[in-house]
């Protein structure tokens, strides 16, 4: 429903807020989303401040601490709250450092992919013609590959490693914001305010960046958060399959993989990193859902 | 005639035919003949009302004049300059002098921009004013359309439909254009608000000496605002003339049907003698041969089905595209 | 109810054609359906199987007498012609429908197989090769008529052997199902019991995932699992229905050091490393003690093993001193390449070696990629250290010592080259007198121990988890799982 | 009016929304005689649709009928149980919706959508399910012919998107009339249509009404339509009825300032030189409205007593108006 | 839908498939290292054999010729020899396919069977307890790392509770002569209820692990589209016709609500196919996914190449069929 202000009413009194601000307020009023937003931020903080908060050096191995159980279990030690892995490394510290990998890869891939995707989508959707044909075909082709298979194939070629993972994921990831943006742009470019800008003589870049872009940022925001959650799982899956980051860097996925053969007895090796993935991804997903509820007008009533 | 705007042979086809592939697959796409050879003139300071059924090409014509749609063929002479031949920079300059006001007050304003930004944008694009000068002009314009400086920092969603339409008008008029296409500016509004906007447009016209192409499907509104009326049917003008003459003595059977379909306040429930049209507007993808109206015309003859009538002078200021001469058939 | 023995096994067979692979797991599976001329007993002695006996007529000619009455699964008798056909298939160029068997090199200088009569064949060598019998247990006999009938392609899945079990179905990637061959001739007479197999059915079930495999054993789904991870030993032992069986393996683990260039070209650095790595601790903690340290490439059970090799004791000070002497007073940073499977050990080595002045960065790569970088056959090696291993099912030095240490040989991943060692190895290769041969290898190993081209680590035990219901079965050093004698209560 | 088909008394329908309680319909009373055509006019948002959704029992959450009574042929509909309501809907009271484009299910053919109403309500169908279907199909065809779909047989199995706007509106009317209801509620049947098509559709409704003798409620915001087709008119403003009475009288001598303003703001073809006079301001929001005259802010004759609760007043000749100073400055101009 | 339009849609696949093959080819082209040397690993072979192999693989040709050779071979399913398996690549893949197809289909069916009713019920009873549970479950469903979840399932259901088998595709007793190579189907066709039950027990955990994310996504999509549809005018109109509640729900709402579900389901089969790699690894499922993972570690490039191409083509075709289904559900869409 539209807000109808009194025609005769005093203009000065109504606070001017953008739709974005209004939606953000709506988002902020969703307590669940805010709670999980804080958890997400907690993970980000953990990643940034890892050296400060990790109790131990994540690669400090000591075979005498091998498979030390969590502190509350028999034989546990409170200086290693979540226990130690097969080489006697502190699991908590490794999880803390592992958040760097997950968040770095998630954020970088999404940042790169969204930037490329948004620009490509805008160009394809607004300029149409051969630009659209080229971009859309490329998108179709890349969409033809199941994601994980594409990433696995690329990493099989290029070898594992942080940079290769980011590239392998970003090569395909941009397609998703691109499609969203292209669709939204197509829909928006027929809208009358865009025609009005053309009628005023605005340039194409002006129209794309100032008229269209701000109006399609909401779906982009929603999509990129969902995708970020997805990318984090993908990275973990790659690491799990042994195609992830290199040791001694700790990645949650590779921690689960390493601990998996200990699962029958020393369950803490894989359980905690697995929980970390679950919690981070879940938090991002909840936040994303909150954003969607706030931004998607279909849920407004 | 020294018309401000002279359109001749204007054609706009939307072509998404698929060529060979389409023929192989039996999905050839379509050629939409939205505007199919229109000649019109609008004298300076006058309002030409354009009326016709939904889908007959009114908006397309309006947009083609402004080159929001690239015309397929034809000429648009504005003040002696052929708009269709302008290059990008000349076109940009031309856009200071020709503007458009849209139908949908909700879609025509960018929801992410404040009213101030929206109204100032044309001035910015053409670098006509900056800083406080710009703000003064924006506020001045807002005042003229019945808004005030307190609205500057608000967003479109905070306004009602009528108010939004005022913002759209302010935006179109801030560069002081000479010519404005009003594409159904009141159709989306409630009756009581419609009247406000019609009045405002009229005031502006007087104040700024504007020339309007006023598109509407409501013949009472058209009758009220226009000096001349053009009736459009399936991409063509079928009748044109001074408002009063056309309304009092329509020359084209379509115009007659249109007029007799309008419900009147004065008469109560009793039935009037009317020209009722059968069926709908044919598709502009494959228009009927001969006179485009022959499929619905109660008077159609064999000739009408075979050859297409040209717009020709009938009487007084009126021209019509009809083989039949209805000039004096009825009162 | 049919007695069915199930083996939880790490990998599927690549093929069921005994001539068309060089893969240990494949061998393990199909050796239950195919017999060889000879086999090994539990002490790794070579004893006759399809052959009744053999004699070395001269250093280059061996005569094998076949056991009479042996039939293939289809009922046709095994003849000398089949033996010749089988061996030719292995050794002759393009003998397998245009391809050459990848096992060709396993039979070294075998030149010709001559059929003397229906039950006698002679193997003629190009040059003396004393280890011929030791190389024969894993060369299985096929039926000529069968191969000709189903063709090369058909052999991948069509089994007609002389072994105690015949194929029922191969569900690729999942399991190989076999059934007792009731017409079995009984197997090697030197290994009791003889006669047809004890269980009626045998299934090799592929369960690559370690924990799943163990779980399957604990759940009673399978009776034997191979590659029991050492850290799960306790759990298998704790379960009343299962137990652990171990056997000395034949695979020697070592760190190949680049002897050509870089820090490890300096022997002092190599020795320093040897003193810096606490092998005992790693064996104790990571391998649960289930490995035997070794100071040379040969495993303790191997023929010609020199039992008197000096040990480079764990000694941090010595390591540091040697490093300083070599010009690294502040320690040395090096890169250790490893494949995914050995990552944990590599990280453990890295962890323990730091006290001795070595900062070791572990880089995980793919096995085949590392192979091309390190096993360069004399070309420059790309890398510093590689944690790897070499298996030696024949337990004869020819299978391990020569390829890994002879100049520019295929497994020489250190770029090691010592002409004296080469000479000793070459001499041993053709020496027929066992004790002289053993002596030659002993000398060579002593020399290598001094040169220390690799850091020799240990020979890990092969660990099996078995059900307590299982009797009559023992793991075998050559990693074979021979189910002929296995019974279920 | 004893033989009133529908009688609404003091109906109040609210929506409990995030922004507050929206009183969409506030104290609406009206009645409709047998065979009568009642026009309901008002601006967008004035509560026309909600009023008749209440009659149909189709007010959805968060909406609810807060009070009032709806009497249809002697039966009280407020609080009627869903099962009986279902028997009523489509059979005795039928409704067409504002937008024919969206009101027909795009996934089913037109025949299918007519047949299902017949199968749901028509007791004259007999025999096996198949036989019933066959009969229903025959009736569906007759209905399409009745509403003037050319070559109806061939179009029976078309999908809604294959019809034009005017045809869809006819299809919807055919569906509504399939069971020959006693009351047809036509919610803005022509707003989305061109005048030439509008005339066709309205004529059709008038014809059928004559033929079947049913009562019709015609919701619209075009006073012209009301003038031509309706016996009586109800003018709604901001959820309330502000004026009602026989059409001719109301249009000739409007009593309520809103009705007057409305009539003055419409340009007329018959008198092009007459200046139109807009009503200033906009419709108020329906949230937390005070109990005062809703039109007060826009009214040129507003006075202090307009702040009191204003009730409908009789002003003779079957007319009622909700204004303390009705009629003033009215007639002369119109 | 007319035949012409079907053909057109089919023709549109050509550039996509061509592009997919180009990308697969280029991936291989830029793979570092000598494929032959990597393939041969430590098998020592003669120079001639190496060259022969190089020639067989067409590595001695210039890239564009290699591509055309690759393409024409691919059209006849000739992807060369998997040196590791010493069998034609396609034979190896084909032998693993039935297991993957069975698992993927099971996961798809699981996802659809769970998500559609759940999504519909959640939408109909918006904000009810059921709706909340569905929302929370589906959030968890998309957030669970499959590899980890699978391990948890094994530990609980197989190891601790002994309810379900730990790994593999079928028990030992339950071999049935293959007809379709899908165990569930074959066992039924052969009337072997025991084998069917056994195969089903093996399928349960991998199916849940693989299908859960898809089920979650589809639940959300179905719920949202159902909510959307329930607000449509034609639903109100159907109510105004006096139809029964179930009729409105099933006939009028569901068919329209399923349209987005079908589209998303087709897109999500991509993650099913990808998820196979992980799930098959965890559950020792003898399918193509595990084969690919294994092949990566032995650098069995021809097989990876063929498998990736195969996956992509399958995926493209699945989406194509979903489009067709889409048009069948939705008469408005003219392809």
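General remarks:
Order of writing sets the labels: A, B, C, D and E. Residues in every chain begin at 1.
To be clear about the criterion, a contact is a pair of C-beta atoms (placed from the backbone, for glycine too) under 8 Å apart; a residue touches a chain by one contact, two chains touch by 3 or more.
This structure is a prediction, so every number in the text was calculated from the model and none was measured.
Least step count on the touch graph, subunit A to subunit C: 1. Looking at A-B and A-E side by side, the one with more C-beta contacts is A-E.
Inter-chain centre distance (subunit C to subunit E, centres taken as mean C-alpha positions): 38 Å.
Between the Cα centres of subunit B and subunit E there is a gap of 54 Å. Rounded to whole angstrom units, the spacing between the C-alpha centres of subunit B and subunit C is 89. Looking at subunit A, residues 3-4, 7, 159, 242, 260, 263-264 sit in touch with two or more other chains. Of all residues in subunit C, those touching 2 or more other chains are 209, 211, 215, 218, 340, 366, 369, listed in ascending order. Among all residues of subunit E, those that touch two or more other chains are 151, 155, 159, 281, 296-297, 299. Chain contact summary for the complex, subunit A toward subunit C: residues 61-64, 66-67, 86-88, 159-160, 242, 246-248, 258, 260-266. Partner subunit E is touched in their complex by these residues of subunit A: 137-138, 140-142, 144-150, 152-154, 156-159, 229, 233, 236-237, 240-243, 253, 256-257, 260, 263-264, 267, 270-271, 274, 277-278, 281-282, 285-286, 289, 298. Interface residues of subunit A, counted against subunit B in their complex, comprise 2-5, 7, 10-12, 14, 16-20, 191-193, 195-203, 206, 211, 214-215. Against subunit D, the residues of subunit E that register as touching in their complex are 232-234, 236-245, 247, 251-252, 255-256, 329-332.
Against subunit C, in their complex, subunit E makes its touches with residues 33-34, 37-39, 41-44, 49, 84-87, 95-96, 99, 151, 154-155, 158-159, 162, 165-170, 172-173, 175, 281-284, 286-287, 290-291, 294, 296-299.
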